[in-house]
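Listed below are the structures to be examined.
The two complexes that follow have subunit A in common; it is paired with subunit B in the first and with subunit C in the second.
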Partner chain A sequence: MASPSSSSAHLGFLRHAGFLWAKVSLWLCASAIAAYVWHAPADGPNGGTWLGYTLGGMGAALILWLLWLGVRKRRYRSTLGSVKGWTSAHVYLGLSLIVIATLHCGFQFGLNIHTLAYVLMVLVVASGIWGILAYDRLPARITQLRGGSTREAWVEEVFDLNEQTIKLADQMTPAVHQRIVASAEKLKLGGSLRQQWRGAVNSKDAAALNTLLKERADTLLRERGSQTFDPTAQSTVVFMAGQLQQAGSGEAEALHVQQLLDLLARRNELVARINRDIGLHARLQLWLLFHVPMSLGLLAALIAHVVSVFFYW
Partner chain B sequence: MRVLLHTIAQAGAPATETPLDLPTLRLGRGSDQDVLLADLRVALAHAEITPRKSLLGAVAHIEAKARLPLWINGRQTSGDDLRIGDVIELGRYRLTVLKARAGFELALQLEERFAAHDERQQRRKSLRMDLQQVGVSKRGWAWGLFLAVLIPGLLLPLWFAQQPPASAEISRERTLPSGPGFDILWNSGPLSSAHHALQNDCKACHVEPFAQVSDASCTGCHSELGNHASSIEVAGQPPFAGQQCTDCHREHNGLTGLTPREDAACTSCHADPADRPGAKLLPVKDFTHSHPAFALSLARQDGKNFVWKEFRQDSPEAKRQDTGLKFPHDLHLSPKGIAGPDGNAVLECDSCHTPNADRSGFLPTQMETHCASCHRLDFDAAAPDHELPHGKPEQVVRIVRDYYKALALTGVAPPLPTGQSTVKTGPDARQRPDDPRANAPAPVGRTVAWAEARAETALRDVFERRTCFYCHAVSTDGPPEARWQIAPVAAPQTALKGSAFPHSAHSTENCTSCHAAETSKHSEDVLLPDISSCRECHGDTGAMTETPTTCQSCHGYHSHPLTAPVATLPPAAPAP
Partner chain C sequence: MGSESVKIAIVGSGPAGLSAAARAAELKLSHLLLEAEPHLSHTIYRYQKGKHVMAEPEALPLRAATPFAAGKREQILGAWNDRSQKLGVAVRHGFRTVSIGGSQGAFLLTAEDGRSVQAEVVVLAVGLQGNPRLLGCPGESLPMVQYQLDDPDEYRNEGIVVVGAGDAAIENALALAARNRVSIVNRRGEFDRAKPANRAAIEKAITDGRVQLIANAAPASVERSSEPQGVIRLNTADGVAEISCHRVIARLGATPPRAFVESCGVQFPSKDPNAVPAVSPRYESNVPGLYIVGALAGFPLIKQAMNQGWEVIEFIEGRSPDPADTPLLAAKFKAMPGFTTVDAAIARIRAVVPVLNPLTPLQLREFLLGSDIRTPTAGALVFSRNDYSDSFYSVLAGSVKIALDEQDDSKSITLGPGQFFGEMSLISGRRRSATVYAGTGAVLIETPRGSMNSLIASVAGVKRVLDETFLLRSIQSRIAPGLTAADLQAVVAGATVAQFKAGDVLFREGDAGDALHLIRKGSLTVSRTLAGRETVLAYVPAGQYVGEMALLTDLPRSATVKAAIATETIQLQGADFKALLGNHPALKARVDEIRLQRVVANTSTHVEDKNSSGIVQFLMNQGVGEATDVLLIDESLCTRCDNCEKACADTHGGVSRLDREAGPTFENLHIPTSCRHCEHPHCMKDCPPDAIRRSPSGEVFITDACIGCGNCERNCPYGVIQMGVTEAKQPSLLRWLLFGGAEPGREKSLAKAIAPGAVKADTPKKAVKCDMCKGMEGGPACVRACPTGAALRVAPEQFLKVTQRVG
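Let's look at the complex of A and B:
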C-alpha cells in the first residue's frame, strides 16, 4: 500500500511496533472466521446465536474503542500509549471490524436499522482507507511542490506583486488600471470547499488580461513613429509621463506593459502553485469530513441496533 | 443636492462634518473628485451620486463610472438607489449611508476600513486556505448525522413501541394493525411465510420489552402441539425441562427458516442418547450408516384379541404378524391372471389398495368393496342370488336353516331378507367350477328332517370348506348355539409409528419395487421394505448422488400428545 518514499515519514504508524496491531488484527479475523466455519447453528448463521452475540459484542466494543481515538488524540497529557500506537491500532482493528461485523450478521442484510449500522460502518472504514491512501500519496507531492519554500512566503510575494502591478498600471491607461485592479481583487486563493478541493484558478481572467496587455503592446509597437495624443484616452499621469519622456511615450508604455506582463506571469504562477498546495492539503483532510461525521452516525445506528434487538428480544 | 459628509480619520476618532452642496457627488481617486479616496484600486473617477425622483420621493442614486466593481452591502453592482444603512466599499474605504439631518438630503460617513499598513494583514486573515475555514463543520455534520440516525432509528420506534397495541390478545383472533409502525425499521429479517401476516405486528410475539419471546406467545395460537418425549418422566427432565419454543424455532431468518432442518438438531441428542434418562433409544448419528432398523408395530394374537408389539425389522419376529386372515398375495397378483366373474383377470395392486384423498396412503381394504365380486357369499347353487351377510356367523346359521325350512314347507325359495347387509353381486357372478352345489339334486320328499340335514350340509360347506373358510380360520368347538367361531381379524394399523411415509412422494415407483407382494404366499408376511431399500435412493444431506434426506423428511418432533405443558404436570403423573 505504502510506497517506500513516503511511508517512512507519514505512514510510520502502519509499521508501529513491528506490525504488532496488524498481527493482532489478523489473529482476530482468523479466529473469527475459524469459529464461524466451525459453528453450525441449526437456524443458520445470524446475530442471535451465541457466536453471533460474541462477535457482535466484540464489534460493538471495537467501534466504541475506535471512536475513543477521536478523544484520545486530543489528550496530549495522556501517558496511555503513544498517539502513533493508538493510530496503528485504530487502522488495523478498524479494518478487522469489516470481518467481525460481517460474520456477526451472518450475511443477513435488509432494509432496517441493523443493516444501516453495517453500511455506515463499511463507509467509515472505507473513508478510513481513503485517508490512508491520501497519507500515502499526497505528502510527497506537497513536499515536491513546495521545494523548500512555504505557502506563507508565496502569499506574501503575491501581495507584493499585486501592489507592484497596481502601481505600474496606474501609470498606464485607465482601462489597463481598471483591469489590473479588478484582477487583483478577483484573485482567488483557496475559498470554498469546492474551490479548495479543485484548486481555484482564474485562468480565464488571467488569459483575458494577458491578451489585452499583449494587444496593447502590439498596438504601441505598431504606432511607433506616428505618435498621436488623445487626451481623452489617457490618464493625466500617463499623459504627464509621456510628456516627460519626450523620446516617445509609446515606448515608455510598451516598457511598462512588458514589466506588467512579467509581474503578472510570476504572480499567476504563484497563485496557481498556492492553489495546488491548498488543493493537496484539502485532499489530505477531505476524507475526515466523511470519516468523522459518519462515525457519529454509526454510533447512533449502533445504539439503535443494540437497544432494538434487546427491546424486541 | 445637499450632502453632509462625516469623515472619520481613524478608528475611534470623532467625525468631522463637511456640508456639501453639489448637483452630483463624485467619488474617486482623482484630485478633481468631491470625495477623494486615496487608494490605487479606486479609479480616478469611480462613481457618482445624483439625486433622483422616484415613487418614494427623492432618493440618492449611485452609479459606477469606471469599469471597476462597485460593492454595496457586499454585492457587486453597477448602480443602485441608496437607502439608510447601505454600505459602499471602495478599496480600503467604507461609505455608510446615515439618516440625514434636516436640511440635508443625504448623509454619508466615510471611514477607512483599515489603515494602509494594516491592509495586507487584513487580507491575509480573510483568505480561506484551510479546509477548516470553509464552513463545513465536522462536529456539526457529526452531531447532525448522529441525530438523523438516532431519531428515526431509535427514538421514534421506541415511542411507537410504548403505544398500546391494537389488540392485546395473543391468539388467532388477534386484530392485526393496518400498516407498519415506526418499529418496522427494527425488523431484523423477514418472518417465516407462516407468520408473514404478523410482519407489521411486532408485539404479537414481543410482548414484554427487553424480555425474550416466551412460549406463551407461541402457544397462544399453536395450542395443540404434541410433545417430543413419549413419557412425562422424560419430558420433565433435561434437555426438555426448561426448553423454550425459541430454542429451536428461530424467527426472522427468512421465509423458510422457522423449523431447523439440520440433522444436528436431532443428532445432538440422538447420536448418543445413553445419558438421556428414561429414554430407551438407539443411537442415530446419520441416516446412511447408523440409523437402526425400523421399529415395526406388528399385531400379535392374544386369545381373542390382538396386541401390537414393536419389533426391530432385522429381528426374525418382525418377518410376520398375525392378521387372522388367509390371503396369498402371490396368487392374486399372478401375472397369468386369476379367474374372476368376467373370466380370467390380471389383478394389480390398486385393484384392492385405493389411495386416500391426499394420496399419502391407502384406504382400508374391505370385503364388500374389494373381495366380494369374486368371493360370493351364496350357499345354494340353485339360488345364486341368496347371499349371506358378511361378518355375522349367528345370522348366517339362522338364514341358512330358515331358507331350507321354508323351502321344505312351501317348495319355494323364501325371499331375501329385507335390510340384510348382503353382498350384492351381478347375476352372472362366478361360481367356482368345482362347486358341488351346481349339481345338487332337486329336493324330493321335503320334510323338516330334510331341511335340517340340508342346512347342516350347507353350513358345513360355508364354514368349514368354502365360503368363509377361504379367507378365515374357523373353529367348530363353540357352544351349541354358536358352533362355528370365526377367528378374529386384526384391524389394519400403520406399522411405522415413528415416521410418516408419504406414498404420494413415491408415486413414480412401482409398488413391487419396495413391497415383495408378488412372492408372498401368506398374509402373515410383513411386506414393508427395510431401511436398505430406502438407502438405495436416499442419503444424508451432502450425499453425492442420493436424494438428500434430513431427519425431518420422515420424522416429526411434536409427535407425542401431552395434554398439558410439562411444567404444569406433577412429576408422578401417569403417562396418558
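Let's look at the complex of A and C:
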C-alpha cells in the first residue's frame, strides 16, 4: 500500500538512503581540502581569494539551507523529500561546515565580527553533535524506563497511593496523619529545568518520613516483645485476654505502619521514575535550547560578516 | 373488557410511526398511535441534549406530513410535537404493546397493562432499540425507577441504587458515584459479563468504598416512602435487605424486538442477528394487513423511515405513489442502454442476474440505490490485481475478462450476463486477486461492501451462492488454474468451511496431516518449537493456504498453525485432492514445485533470531493480524517530538487522528493508537449512512455522509475513532515564524478538541479517523514528518522483515 519500501523506511536518519548525505558531505569536504591545498595563493589563503569567496558562498548557502529545516519540518504537506531525508542531510552537511568555513577563513582568526560568526557556527555544530548523541542514546532509555507503562498511568497510581496512605493514616495517630498529608502535598513532579535535569524528588522529606514511621514500628515491636509469658504472674486466662487486647491495638497499628511503609516506598519509587522520565524527555530537548537560539545568532553574525566584508573591506 | 376500535393502529412513534400517524391524521383516517413512553419518538428523545441530528441521504427528497431538516434534537422534536398536535394525531402513551393477535380486519393489540386496541390493519414501526428489561418486581414502573441515565451530573447528594452487572450498569454507577451515594445490586457474585476495564474499575470503586456492592441479591419490591423518596427491598442470601434511596436505576439490557415481532407471526429470512423481516414493495409483511416500516424493516435513516411512514398509509388506502427514491434510481439507470422506466429496469435486472433473484422487490430497490451502474468501454480496466477495492460487481450485459495471470493471456475467464465477480475481496477483505477488463457492451452493477454485507445477512440464498462461487474460484485461482468447475467437482463437494477464534490451533507439529486449509478470511501464524521455545516462522494472510504437504505426502505436520485473529478456512480433504492430482499430472508438477519452494523457505527462516518471533507474537496479540497497514514506532529512534501528531493535525482539520504515546510497547516497538485499516473493518459494521468506505489503495475512510451517530467509535476495538469537529483553516507557518501565536499542528490535541466546552453544543460532531492521507501526495504525513525515521507504516506481510531489524 502506501509504504513502498518499508524495509528501508525504518532505518534511522543517520543511515538514511545508504548514508547518501554522509557521502555527499565527505565528498564536499574532500574537494574543498584538495582545492585548498592546490590553490596556494600568493598572499596566503584567506577569505578574499576566489576560492575563499567560493567556500564562503557555499558556507553561507549551507547555513541558510540548514536553517530552513525548521520551516520544512513544519510544512506538513510538502512533498519535497521526507523530513527524515532532510534531517539526515542537515546532520552531515552541517558537520561539513566546520571544514568549509575553516578553509574559507584560511585559519585567520582574530577578535572581530568575522571570528564571532565562526565561533557561533562552531558552537551551533557542537550543540548539534550533542543533539545527535542525545537522539542516539536517550530514546531507548525512555522506553526501558517506561517498561510498557505510561507516565499518565504512573501519575494516576501516585494519586491513588496518596489516597490510600491518607486513608490508612486516618486510623493512626494525628502526628503520623499530619506528616502523611504533608508529604502527599509536597510531592513534586518535574520542576525547574535544573530539577528536571536531575530528576528531582523530595528525597530529604521522604527519608525523614520513612525514619519516623520506622521508629514508630520499632517501638510497637519492642513493646510487644517485652510482653513475655510469665505463668507465675497471672492466670493464663488473664494473660491471654491481655494479649488479645494488645493484638487489638498494637499489632493492628504495627500492621498499618508496615502497610504504610510499603505504600510510601512504592509511591516514592514511582515519583522518582516519573521525574527520571521527565528528565530524560527534557534532555532530549535541552540541546535545542542552545542549538536554535545560537543558530539565529549565527544568522545575525553571518549577515554582519557579509555586509562588513562587502561594504567596509 | 371493551377495547377501542380503529382502522389503522400504528405501533411505535419514531420517525416512521409518527410520519404514518401524521399522514393518517392529515387524511382524516381513523387511526391510533401506540407509544410505550410518555413522549413521542423515544429514540431521538434519548439523544443527548443539543445533539445535532443530520438528514442523510441528502439527495433523497423528504415526503412526509411531519417536517424534518438537519438541526438540533430539540428543534426536531419540537417541530414533530407541534405538527402532530396541529394535525390531530391520536396518540395513546404508556401503551407498551406486548402482543398482536387476530388477522387482517380484526387485529387485537394488547398492552403490558392489559389494555387493548382493535384495528383493521397494523403498522409496526418499533425500530431496533428494543424495550429495556424491567426490574420484574412490584413497583418496577414507579417514577423513581428509571431504565436509563442521560446525564449523571443531574443528580447530587442522592442515594441511588443501580441494578445490573453489565457495562451500562457499571458505567452509570461509576459516573454517579462522584456526587452521590451509590449501591450496585448484582444478581450474582461477579462482574464477569462486563468489559475488563469496567470490571477492574467497579471492583476498585467497591474496594475503595465509593460504591457499595450488594451481591447475590435480587429486587423483591420498590415502594414509595416519605424519606427520602423510596425503598427497595432485595432478596439476599442472608434474608431481605432494605435500602432507602432517592432513585433506582435498572440497567438490565433490552429485549430485542425480534422475539416480539416473531410472536406476531412475522417471519425472518435467516437466523443472522442482523436479518430484517422480508416485506413487500407495499411494506406488507407475510402477515396480511401487518405492515413494517423504518429501522425494523432495514431502513435506519430518519428520512427513509419518514418517507416510508407516509407511503405505507398511501398503500393502505389503495394508492400506489411512486416511491420517493424513484428519481434517484432513474438518475442511476440513465447510463443503462435502452433505459425506459425505473420499474422496467428493475425487472430487467431481476431477470438477468440470478444472484439477486432471492431479494424482495424492496430489498432489490435498496440494493440498487446503494449501487452504481457502470458502462465501461471495451477493454477498459475495471480493477487491477492488488487493488484494495472491495465492491461487488454483477454483469447485466456484455462481458468482462478476468485475467488470472498478467503474463499468460490463456489463463483468463470470461463472464457473461448474469454472472458476478469481486466476491473474493468482499469475503476475504484482501486485495483483488485478479485484474478485470470490460468486454464489449459491458453494463455492470457495482455494489459497495456495506450494501452487499447487509444483503448477505438478510438473504440466505445470496450467501449460499457467494460462498460456493468463492470456494470454486479460490481453488481455481490459487491451486489449480486451468481446471474447470467439472474437474473440481469432487474436491469442491468434499470441501468444508471451518471457523477458528484467535489463538485456536488448526493443527500441531507432529499431527497426522489430512487436509489443506485455504484461508478464506483472517490470517494464520506458522510456528515451530525450536530449542523448547515456540518460534513464529511465518504469517499467512487470507487468500493463501497452509498444510499442502498433507495432500502430497503422508508425513506428519511439520509446524503448528494457529489463527492470528478470527479466521475462516476452506478445508480440502487430502484423499479428494490426491485423486485430482492423479488425473492431472501438470497440476501435480505445479503443486510439487510450490511445496519445494516452501520447504526451502521454511528452512531459511529457521536461522532467524528469537527476538523477532517474540515481536511477531506481540503484534498478533495486539490484533495487528487483521490489519492491512499499521503505524509502528521504533522507540529506539523516536525522540518524542510529536511531529507525527502535529503533521496529522495540520493536514486533517486541526485534529490529530493518532495518539503517539498511547498504545502498547514491546522491546522497542510501539503501536500507537492509530487506525490499522483492518481487513474487515469493525467500524463499517453498523454505519447507518454507509459512510465508511475503503479506497482502491486500501485506506478505510469516512465520507461526508457521516451522521455522527458514534456507532463506529463504539465498534472499533482499537479506540482509533473519535467524534470531533474539524476546522478547515490551519494556522499560518509564516505568521508563526515571524510573530508567534498558534503553531501549525500544535495545541490541538484530540483530547482538547473534543473536551467538553471546546466546541459549541450545536456544532455537528462527525467521526474522524486516519485516512492514511488519502488524496495527498507522498503518502501518510505522520511517516513523512518523522525526522528520525522512527515512524513506519507496514502491512502484516512485512512484519517478519521489519521485526528482524527493530529491537
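The definition used in the following text is that the second predicted complex is superposed on the first by the 278 of 313 C-alpha atoms of A that agree within 3 Å, B and C clash if a C-alpha of one lies under 4 Å from a C-alpha of the other, contacts with A are read in each partner's own complex, and residues count from 1 in each chain.
The definition used in the following text is that a residue touches a chain if its C-beta (ideal position, glycine included) is under 8 Å from a C-beta of that chain, and two chains touch if they have at least 3 such contacts.
Since the structure is predicted, the reported quantities are computational estimates derived from the model, not experimental observations.
Of the two partner chains, subunit C is the only one that A:11 touches; subunit B does not reach it.
Once the two complexes are overlaid on the shared chain, A:42 sits against subunit B while remaining clear of subunit C. After overlaying the two complexes on the shared chain, residue contacts for A:143 are found with subunit C alone; subunit B is out of touch. By the document's definition of touching, of the two partners only subunit B reaches A:307; subunit C does not. Contacts of A:192 after superposition on the shared chain: subunit B is touched, whereas subunit C is not.
Legend: residue contacts after superposition of the two complexes on their common chain; A:281 is shown touching both subunit B and subunit C. Once chain A of one complex is fitted onto chain A of the other, the partner contacts of A:135 are limited to subunit C, with no touch recorded for subunit B.
When the two complexes are superposed, the chain touching more residues of subunit A, out of subunit B and subunit C, is B.
Counting contacts as defined above, subunit A residues 163, 281 meet subunit B in one complex and subunit C in the other.
Contacts from subunit A toward subunit C in the complex involve residues 1-4, 6-7, 9-13, 16, 70-71, 73-77, 79, 82-84, 86-87, 135, 138-140, 142-143, 146, 148, 150, 163, 281, 284. Subunit B meets subunit A in the complex at residues 30, 40-41, 43-44, 66-69, 120, 123-124, 127-136, 138-139, 141-150, 153-154, 157-158, 161, 183-190, 202, 206, 209-213, 248, 250, 252-253, 257, 260-262, 264-265.
Of all residues in subunit C, only 208, 388, 628-629, 632, 634-640, 643, 646-647, 650-651, 661-662, 664-666, 668, 670, 677, 697-699, 733, 736-737, 743-745, 772-773, 776-781, 783-790, 792-795, 798, 801-802, 805-806 touch subunit A in the complex they form. Within the complex formed with subunit B, the residues of subunit A that make contact are 40, 42-44, 46-48, 108, 110, 112-114, 116, 120, 151, 155, 159, 163, 166-167, 170, 174-175, 177-179, 181-182, 184-185, 189-193, 196, 235-236, 274, 278, 281-282, 285-286, 288-289, 292-297, 299-301, 303-304, 307-313.
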